[in-house]
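Below is one structure. I have some questions about it.
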Amino acid sequence: MKPKHLSLLILTLLVVAAPFFFPSGFYYRIGALIFINAIAVTGLVILIGYAGQISLGHAGFAGIGAYACALAPEHLGLPPVAAILLGAALSAALAWLVGRPILRLHGYYLGVATLGLGILISMVLSNEAQWTGGPDGIAVPDLGLRGLLRDLGWRVGAGELWYGLAGLVMILGAWLALNLFDSPTGRALRALHGSEVAARTMGIDVARHKLHAFVVSAVYASVSGSLLALMNRLITPDVAGFMHSVQMVTMAVLGGVGSVLGAIFGATILTALPQLLTVFHQYEHMVLGLVMILVMIFLPDGLLPSLMKRLRGRDGE
Amino acid sequence: MSALLEIDGLGIAFGGIKAVDDVSFAVREGEIVSVIGPNGAGKTTLFNMISGLYRPSQGKVRLKGSDITALEPHLLARRGLSRTFQNLQVFGEMTLLENVMVGHHLREKGGVLSDLLGLPASRRKTRASADSALALLARVGLEKAAYRAARTMSYGALKRLEIARALALDPKILLLDEPAAGCNAVETEEIDRLIAEIARAGVAILLVEHDMKLVMKISAHLVVLDHGRKIAEGAPTQVARDPQVIAAYLGQHGQEQVLHAEG
Amino acid sequence: MADLLQFLMSGLTVGAVYALLALGFTIIFNASGVVNFAQGEFVMLGGMGTAFAIAAGLPVPLAALLAILGTAAVGVALNRLAIAPARGAPVVSLIIITIGAAIFLQGAAGLIFDKQIHRYPGFSGEAPLRLAGATLLPQSLWVMAGAALTFAALWLFFTRTLTGKAVLATANNPLAASLVGINTKAIMALSFGLSAAIGAVAGVLVTPITMTAYNTGVALALSGFAAAMLGGLGNPLGALAGGLLLGVLEAMTAGYVSSEYKDAVSFILIILVLALMPQGLLGRKSTDRV
């Protein structure tokens, strides 16, 4: 079996099997939250892991996706599903516009430029209170899926529904990202990650490929934000904030930004821990900061790849 | 026969210092031309200008008669110009096979959407690339290591990998920047054989190399640089007798080879 | 006209703080090649430390000194525990490490101090000075004078003392510096300590005007970074110019356009500067070697 299929199989099994171990219905919600974060983080695997380009502002795109679902149904009369697509299209368009100039930057400069972009978006969401409700947030309409299922004679709880839906979208997202890895575009991205100079001389239009990775990852973040908004039925500008961007990147690097499965693993840990250990809450920032530092120093490839290496022994490959 | 690659009065200055100044020469189809000169003579800088990494401040580069001066490297690749690097530029985290497959990029280009969806067209291209990449790896003697990550390989192997990757573009002209540097005698011999074979297949080769034995043996034509200027050019035997070349280059190079042997 | 002068004054006050932040970035960047996203936390620690020491009954000069020394120690520890072990790591890793440090320090400050907003009275009272129709807090003069003094002292340090020259030598070429007998590890520790102390000085001086809280560091770091990039990363004079320019631009935006979007100025500026002239206003051009 190819690694791609193995990854998808493992992922699907975990999503299906996990509910059998849930002590209470509350855990469906945590699961859904994990999957929603994992979607955004999978996008970052493409951007950071494949293409080697940092973004410290991807929460901005999550914000666009989230607020599209809050605002488009009310102001444009769109159904929430269409609002998800609209948010994704807006995010893609913005990423395309802004990505062109800023993806020429490297390292720190790119980090700061993307960070600035994310903060600008969250600033707009906070300040334009007449549209967005300001810092207190805004209500989000119901997706309507539960009602639809009820009409079809299938009663399902909100927690279970969101668990299933988010899990499905996550697996879909992982499938796309895994397809990309082993494709011409994926190889071009990983090549420019390894050596931009060599990639250029191999005929790779580096600017164009970076832009593609940026736009695709922005769409992942946007969809993640949309689902978060629709599940919570309320959204605040925090979704687009710096901390959320940092959390996304930390999830990705904690699990292993080079692999889809690893990044999803990272999303699982960092989402579940604060939810399960409420004592943790007071120390959340300190622990998050420590995790970031320690993982980067001791497990620079991330938890899952380092673990796999251990298991396979020192020969590595 | 007309020239494939023409270098016409090429020059560049960094902070007022002319690293390369008014260099002209030509490479014909299937011909091996070597650029030699002491360290710091501007050989790699010249390569970087020809391959579009540096923008020359004067002069022109023409490929098959059309002006390609300061064209983006990826556009040069489309026109059939390919190169290797003095300081290795391999994709360390990718396998050897994938490294060479990247060289097929221009032939396998599709949409990012079809690649995301893993459409049959995209997978077909990947398979085709893999097949011909495997053949190229076999040509440089690396097929057994095809699935190992590049960063785990020896220096000499990576030098050959870069040649295989550059060949994957199916170039008309190949720029090799010190392909035998840091290689042992056996590896050098292999690279020597490989270069001759590539040239026989009709690919023009522009070579920078320190190994004088190799250069004298395989080059049809030599260009000698010193302090960024061309001080001589011609057939190897003729250049080797040029007193100016002996003074500027061979004397110092002789010393270098002594040091090399000691080290 | 009075408006303009007013905005200019408050712009220069804030700009002086940005300049100090940018100077801190510059010192660490030159010494280690690392852009330290935790730089803003030093300013926060300086302000919070002073506020708590004053509340504990210490006289202001002593409280300020303690806060500055404590922050410098945090800077040294940051280098020792988080930056030095990651030497040679890729830029993405270093970004994550220093952001992690920033978040850690923020969380620690929230626990050790508290999560309230703090300030203390200005050093020379609170009565505003009048100047050609504009008003100016005496503390603003403290900020500007403090920044000017810090820049002057550092200039003397780097050009007149052996240690200072060793720092510059290390920044220029670490290998050569260690070959001529400079202890580059000590230089690195010194740079982090110095940079943290400079940040703390800014915090001590500006807290009576802007107030402080455990979570103010990140925004400050970003403005400071914008200032440093505006002037050209790695250039101390650029840090000064970039800081003042950014401060004035922000104040003008707040005054004439929208106070809600004044913080947007630095980010728009960052993106514009980076897109149009990646080397900054005073930076040098560099070429990659292949």
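Labels for the chains are A, B and C, by order of writing; each one numbers its residues from 1.
In this text, a residue touches a chain if its C-beta (ideal position, glycine included) is under 8 Å from a C-beta of that chain, and two chains touch if they have at least 3 such contacts.
Please read all numbers here as calculations on a predicted model, not as lab measurements.
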item	value
Most remote chain, CA-based centroid, reference being subunit B	C
Identifier of the chain whose CA centre is least distant from the whole-structure CA centre	A
Averaged-CA centre spacing for the pair subunit C and subunit B, given as whole angstrom	47
Separation of mean Cα positions, subunit B and subunit A [Å, integer]	41
Averaged-CA centre spacing for the pair subunit C and subunit A, given as whole angstrom	32
Residue list for subunit C, restricted to those that touch at least two other chains	290
Subunit B residues counted as touching two or more neighbouring chains	53, 85, 89
Subunit A residues counted as touching two or more neighbouring chains	197
Subunit B partner contacts - residues on subunit A that touch it in the complex	175-177, 179-180, 182-188, 190-191, 193-195, 197-206, 212, 216, 258, 316-317
Residue ranges of subunit A in contact with subunit C within the complex	48, 52, 54, 56, 98, 101-102, 104-109, 111-113, 115-117, 119-120, 123, 127, 197, 242-243, 246, 249-250, 253, 282-293, 296-297, 300
Complex contact set, residues of subunit C against subunit A	35, 81-82, 85-86, 89-97, 99-108, 110-111, 218, 222, 225-226, 229, 233, 260-261, 263-264, 266-268, 270-271, 274-275, 278, 288, 290
Contacting residues of subunit B [partner subunit A, same complex]	51-53, 72-74, 76-78, 82-83, 85, 89-94, 98-99, 101-103, 105-106, 108-110, 112, 115-118, 122-123, 125-126, 129, 147-149, 152, 165, 168-169
